[in-house]
Amino acid sequence: MAEIIKAVSASIEKIDPNQVRKLIDLLVNVKSRGKKILVLGAGRSGLVGRAFAMRLMHLNFNVHGVGETITPAVEKDDILFAISGSGTTTLVVTAAKIAKKVGAKIVALTSYPNSPLAKCSDHVVVVYGRTKLAERRDYFSRQILGVHEPLAPLGTIFEVAAAIFLDALIVELMSRLGLKEEDLKTRHATIE
Amino acid sequence: MAEIIKAVSASIEKIDPNQVRKLIDLLVNVKSRGKKILVLGAGRSGLVGRAFAMRLMHLNFNVHGVGETITPAVEKDDILFAISGSGTTTLVVTAAKIAKKVGAKIVALTSYPNSPLAKCSDHVVVVYGRTKLAERRDYFSRQILGVHEPLAPLGTIFEVAAAIFLDALIVELMSRLGLKEEDLKTRHATIE
Amino acid sequence: MAEIIKAVSASIEKIDPNQVRKLIDLLVNVKSRGKKILVLGAGRSGLVGRAFAMRLMHLNFNVHGVGETITPAVEKDDILFAISGSGTTTLVVTAAKIAKKVGAKIVALTSYPNSPLAKCSDHVVVVYGRTKLAERRDYFSRQILGVHEPLAPLGTIFEVAAAIFLDALIVELMSRLGLKEEDLKTRHATIE
Amino acid sequence: MAEIIKAVSASIEKIDPNQVRKLIDLLVNVKSRGKKILVLGAGRSGLVGRAFAMRLMHLNFNVHGVGETITPAVEKDDILFAISGSGTTTLVVTAAKIAKKVGAKIVALTSYPNSPLAKCSDHVVVVYGRTKLAERRDYFSRQILGVHEPLAPLGTIFEVAAAIFLDALIVELMSRLGLKEEDLKTRHATIE
């Protein structure tokens, strides 16, 4: 566990503050204009995305998860927030391209700034960690299946770093939006 | 298949128009007051509920599925729309009671007007079909596991009748809200 | 509701018994060889697929829903059972093509035997009902968004007919596998 | 982010190795006897649970997520693996009690060894982090709504620590089961 934490810390220190600032601007902006955020990711990245979406909902963002049953259509000026360590997940890239065609802004969280996902995105935040996959880029038969996730211990640095980064981002967003924890109580609870 | 259709037709003919009228009033009313509808059901009833929720979303209702990842809290004057053939599904009844405590209105779709779910509901629409289960009410060991769904061919009449009833209800709601299919295009599509 | 039932009955009568027989053979065969069935569909077709998958699970099939969190990889000789009225849903077709490359058998339930989905499938069962969409084939901007579902009353004939067909198929499968309802009790219940 | 990492590290250091050893024994044992693991959690804990379940699936465990559509019934000697920081989430505790009645073993991951969840469990692994909630135990109106999750930055220590702990557990399980990453390739990928 110490090894995982060390690698996650190293990954987080490398995140570019300018990329983060622009991300916050984009998110605050989409909220102020009454537009939606759709969060997208496959496998474990999808779970990280949904946790982030829950928090955005608590901050009164209009946010949905792609792949949930009841998700409205992506529209012009919405944000598609796509999470993929490798940036190559077939269906994530496909969905990003579709959303781009209707005028949505694509924001990517990925380890690879030159990946297909990053290349079709309007803004990219690079979170390192998905290194083992890089060595395997040529394993075509596995690429074609869409999702490959290296095993622990070091295979999940991207997802853990992304989760911590997005939690910290929520605090920044609260500050920017002038929200305190007390303001948010009513949207917290849910029946489960 | 003919046998299923015959039983479904018989079930649908027995639905009380007064119960339907009041249901439509409740749904239109919750929309006009800017409140939410949360749809709830277990197993196949849950799938019927989600299909209905998708349609309500197309009609611009503020609607969510309980059990989806990103579902806001139930609040006073929201509607909890609970679907359960037997009206005894443990966790559906539990959730209905919790929602009732915060002042939400409980609306039930069930075959049993005297079931625990119906008894804690503000309004009930009876859709017959879940008859086989009734004979087995005493099988405690299966009740305690929460969900029992009799097998086809006649075991799923409730779900099919409920699905068709809710589809027809959407048409009625469109008429009441003065909506035409053209008005709704933009919310139709989704990335999947 | 009578109108919906009439249209559903008409759709079901047109299903080709030879296509059904071959479907049953394929499903029984995949079970006897210890292979998996993965069920796939977008929007309401996805819900119909999940209801079918639940029933297959009750019959002890090794079955999973694509898009559920915990879904194993598709492998050679597995069946990908894809449901799409129009047969054009972008991501369903994409997934079918990926699965085909690893040697899975693609089985399609669709209204259009010449659709992209049907064309890449090993076996097709045609269930009519998705007629309104056909007239709109040229609405490119909506096609590109992946899923278009016409509204009720007549827009959901495909899904309702597919749901009833698949329920009836379960009865046939029980007969073919020599299963009685009593044999299946233990897999019925679930915690929800 | 540094603050989150520091708190997570502190939480992880306090995990009792004896509790972990017994957990590994229970998991290896359930696998060798051909029984199932059902993973359960609400909100963000549910997402952590699903990520763990995905990994267990890669190690060829028979594992399912409660709340997924296609989840078989819990049976005698299965493990219900319940994750709840507070150990009070209404529906998690309800489901644990139901599973206990049919003879399943309940394993809990929680910050509170005296919580209702821990008290009905056969084995508990304590992961600290859910401290803020403790101060609010008396806010009945929020308790009754089932889930309360304190906001970032320090509100999500439990979930992040639990996620890292469970990732490290997978490595231990691989070692105990004599598995290498190469053995697992075929179950990795999935269509998404």
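Labels for the chains are A, B, C and D, by order of writing; each one numbers its residues from 1.
Just so we're on the same page, contacts are C-beta pairs under 8 Å (C-beta built on N, C-alpha and C of every residue); 3 or more make two chains touch, one makes a residue touch a chain.
Remember, it's a predicted structure, so these values are computed and weren't measured experimentally.
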Inset, instruction - Using the touch definition from the top, list the chains contacting both chain B and chain C. - result: A, D
Legend entry - Residue-number overlap at the chain A/chain D interface, same or different (half cut): same
Legend entry - Chain centre separation in whole Å, for chain D relative to chain C (CA means): 33
Inset, instruction - Determine the centre-to-centre distance between chain A and chain D, using the mean Cα coordinates as centres, and give it in whole Å. - result: 23
Legend entry - Residues of chain D whose C-beta touches two or more other chains: 46-47, 50, 54, 67, 69, 73-74, 90-91, 95, 98, 145-146, 188-192
Legend entry - Residue ranges of chain B in contact with chain C within the complex: 1-2, 4-5, 8-9, 12, 42-44, 46-48, 50-51, 54-55, 58, 89, 91-92, 142, 145-153, 156, 159-160, 163-165, 167-168, 170-171, 174, 181, 184-185, 188-192
Legend entry - Contact set on chain A toward chain C in their complex: 46-47, 67, 69, 73-74, 90-91, 94-95, 98, 101-102, 141, 144-146
Inset, instruction - Spell out the part of chain A that touches chain B in their complex, as residue ranges. - result: 38, 40, 50, 53-54, 57, 63-75, 80, 95, 98-99, 186-192
